[in-house]
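Residue numbering begins at 1 within each chain, and the chains themselves are lettered A, B, C and D in the order written.
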């Protein structure tokens, strides 16, 4: 519940939704889609405080018509095999809404999504291996709200390995660092403020493993949504403004 | 002189070069172009350590054919009224070269250049007023090499006012904060690491004032070039790499 | 109200309380003490969510016996002429409680308090002049909760000037930058995470001016308390721990 | 060689020097002391550019009389079992010299040294296990000079494990993150600017393993010294200064 408006947070969980259609293992693992599991995690922890809807790439308007995007306080984004299919115009609309104040939670393989690389300005390239490494997610910023209520480390029995060098700007806050069975490390929980919006990147969550059913991962998903939420109405895009001398003076305001 | 290669740094000073053609005042103020003054400042301070060339928008290939860009270690960029005229394909080439390790020094009104907003991922909007405010440039990171050799504050008698909120990501290092006669403040010296490259934004330098003839500003220009220089050859774009388990082990390397 | 414990936040406003005794102007300006005005500002904005008490240097145990300090979630600190009179042992107790998770809001001349320099590790020296400069407090991080609800800039008609170079570590988050009539600038709103605790430094507030009656300043005081509050019970001092191989594994926990 | 003074950098390698006296294994591993190996690494890479001396706790004045400390540009510090034996007055002198501009490179178990905790303001506690884990040192800031010339990762066959949560302020720059055989991670290469000085913490280097003979570790030691070096003479402690209105104006300077 947003205390400044006394209305529930409007959360949209966007999923690519393709692996669920083409890979029986993914469909079995996530009968409501990966987006369904993410949405369920947010509902579980934020309860009445959030109204959560889901949207997928194959929905009309790729799931994000103006009626949806323009009423979203926090958007979560998972994509993998169809990044290129996302319309550039939609990416620009999402980008503008983040800068205007919408929260954005970017998940796992969405490191390569158009919206994330657009916001970061870098390649977001990384090292990878999909062989069921155990991932340990270590908290390096224990007073951060995103790390609230999870053990240190979170133990994920099997996951895809994502490793450094991860080509992102130095995060404003580094919350989690993961290690993998093979010895690689990864900055797996990062925050970035961009314009009036807050962005979280959280890397656990490959389609080949039931990571979004993991209780600690689910808590982090909800924490990330709560942390990135705007206060009340979105402030809008930071403007270019001409300012006469003394514009902020009370006398200037009165005249 | 780059100690790891024993060759001079290759610096390209890019200027839009339009105001000098259309405004007699600018042409008088900068008889060799604004780019000429910037290049001269770098030569003055880096001497034999740098080989400096200039390039302007109206040159063939907008001044940056492959033969120039691909041999540039540090690029400086000033633009204002013709940002839109810069080819998107050129912006992508410059962007890729920054991520591959080239230094980039972005000057004044180039806050709105395509290359800077591409790297930042934000609007880079700000507040402004062009009425000859005195600008004071205060050092808030005195051990930073970019602030070497300048007084605190640098006093610029007349300048355009740029004020907050400046819509950039929080800089990795905040080196200078300016104030203006009217009371506004601005984060006027910022560094950002992006990919393998280092980016500096330094705001003093409007075409309507002789700022690039100011001795302290000239020192900062040269310091910024030196700081953002790569070590030796550019490392190249950060890759996406598949990594087998144990790939870094000496035994793996030997087999 | 702390949602995780459903109890009000316990806030202790500590004031040196000496200027009020010796300077009639300060006593007139702050009939309930400067600490009284700070406490009132927090109550005004946090309402039922906070239980606020005040404590001063001349109270028994310098105002912070174990019964008070050990039940404090957020401590605010204002001091000026009597920093040296604060017992070193008390400073160590406050320091330990911050690292254990208590919030700390350090105000104005408390930049030179023992507790702040202890936490920062630097001199916290600065430039100053007490001649009634107008202070403008500019927001440079508009999505930060500490900046919620205040105009940009906050206009304080008369204040002591504090200027750069301010010898602090680079703040984790820079929220406000001030300018003064004389042209100086100052990083006036800063956050620092130390141990499990969150620290805010906010510079407006000299005894010679009615700054803590200023409505925007009062909002920032309350925002700072809310932001620095721990979640529920304090986690305690970060430990030194020996860790056997695999200590975090479920099987290790079961055996 | 410091280009601004054309004199070699004065480096003092301080070692506790006790394990070498009491443990035959350490003495065999480091026949010239651990400090001898560190000094040798710096000489190897900085050559004529540095003049390196060593000092140990059992030397007169604990190795750092004024004649040594006051002529040191960069100090490296290794200690473990005798932190408490270091005089508080010496710690204050070293602290003041760092804030005045001296570089400081803090090694391994010196995370608990008086000088490091004094500069950090936190406990610097951590997790540990001494069972010969393999340590992998990953570069997460590839354009940083401290990471120049080393592979990613550095492979250290056997080392003590240091793990998170490491109770330090968020570093200004995070250069290295290590993982260990047991799966723990650690922020193993960090920089901190304090006052006019630059501080590096680099964690590899336990007395029970020949880590300071490792070629990549030796390169990092030398890089850290070079990076933290002041430019020319030390600027001195940041002052408290009174500043009359307009003090920086040329006319004020002339009158």
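Following the convention adopted for this analysis, contacts are C-beta pairs under 8 Å (C-beta built on N, C-alpha and C of every residue); 3 or more make two chains touch, one makes a residue touch a chain.
The shown structure was predicted, so the numbers you read here are calculated from the model rather than taken from an experiment.
Measuring between Cα centroids, what's the chain most distant from chain B?
Of all chains, C has its centre farthest from that of chain B.
With residue numbering as the guide, point to the option in A-D, A-C or B-D that repeats B-C in over half of the contact pairs.
Matching more than half of the contact pairs of B-C: A-D.
Considering A-D alongside C-D, which chain pair is linked by more C-beta pairs in contact?
Per the contact counts, C-D leads.
Determine the centre-to-centre distance between chain C and chain D, using the mean Cα coordinates as centres, and give it in whole Å.
31
Cα centroid separation between chain A and chain D, in whole Å?
Roughly 37 Å separates the two chain centres.
On chain D, where are the residues touching two or more other chains?
136, 141-142, 153, 163, 165, 170, 172-173, 181, 183-184, 193, 238, 248
Touching residues of chain C toward chain A in the complex: what are they?
Those in contact with chain A are residues 101, 136, 141-145, 148, 151, 153, 155, 172-173, 193, 196-198, 230-231, 235, 238, 248-250.
Which residues of chain B touch chain A once you look at their complex with the stated criterion?
Within the complex, chain B touches chain A at residues 95, 99, 118-123, 125-129, 131, 133, 161, 163, 165, 167, 169-170, 172, 181-184, 192-195, 237-246, 248.
Applying the document's contact rule, which stretches of chain A touch chain D when the two form their complex?
Going through chain A, the ones touching chain D are 134, 136, 138-142, 152-153, 163-166, 170, 173-174, 177-179, 181, 183-185, 187.
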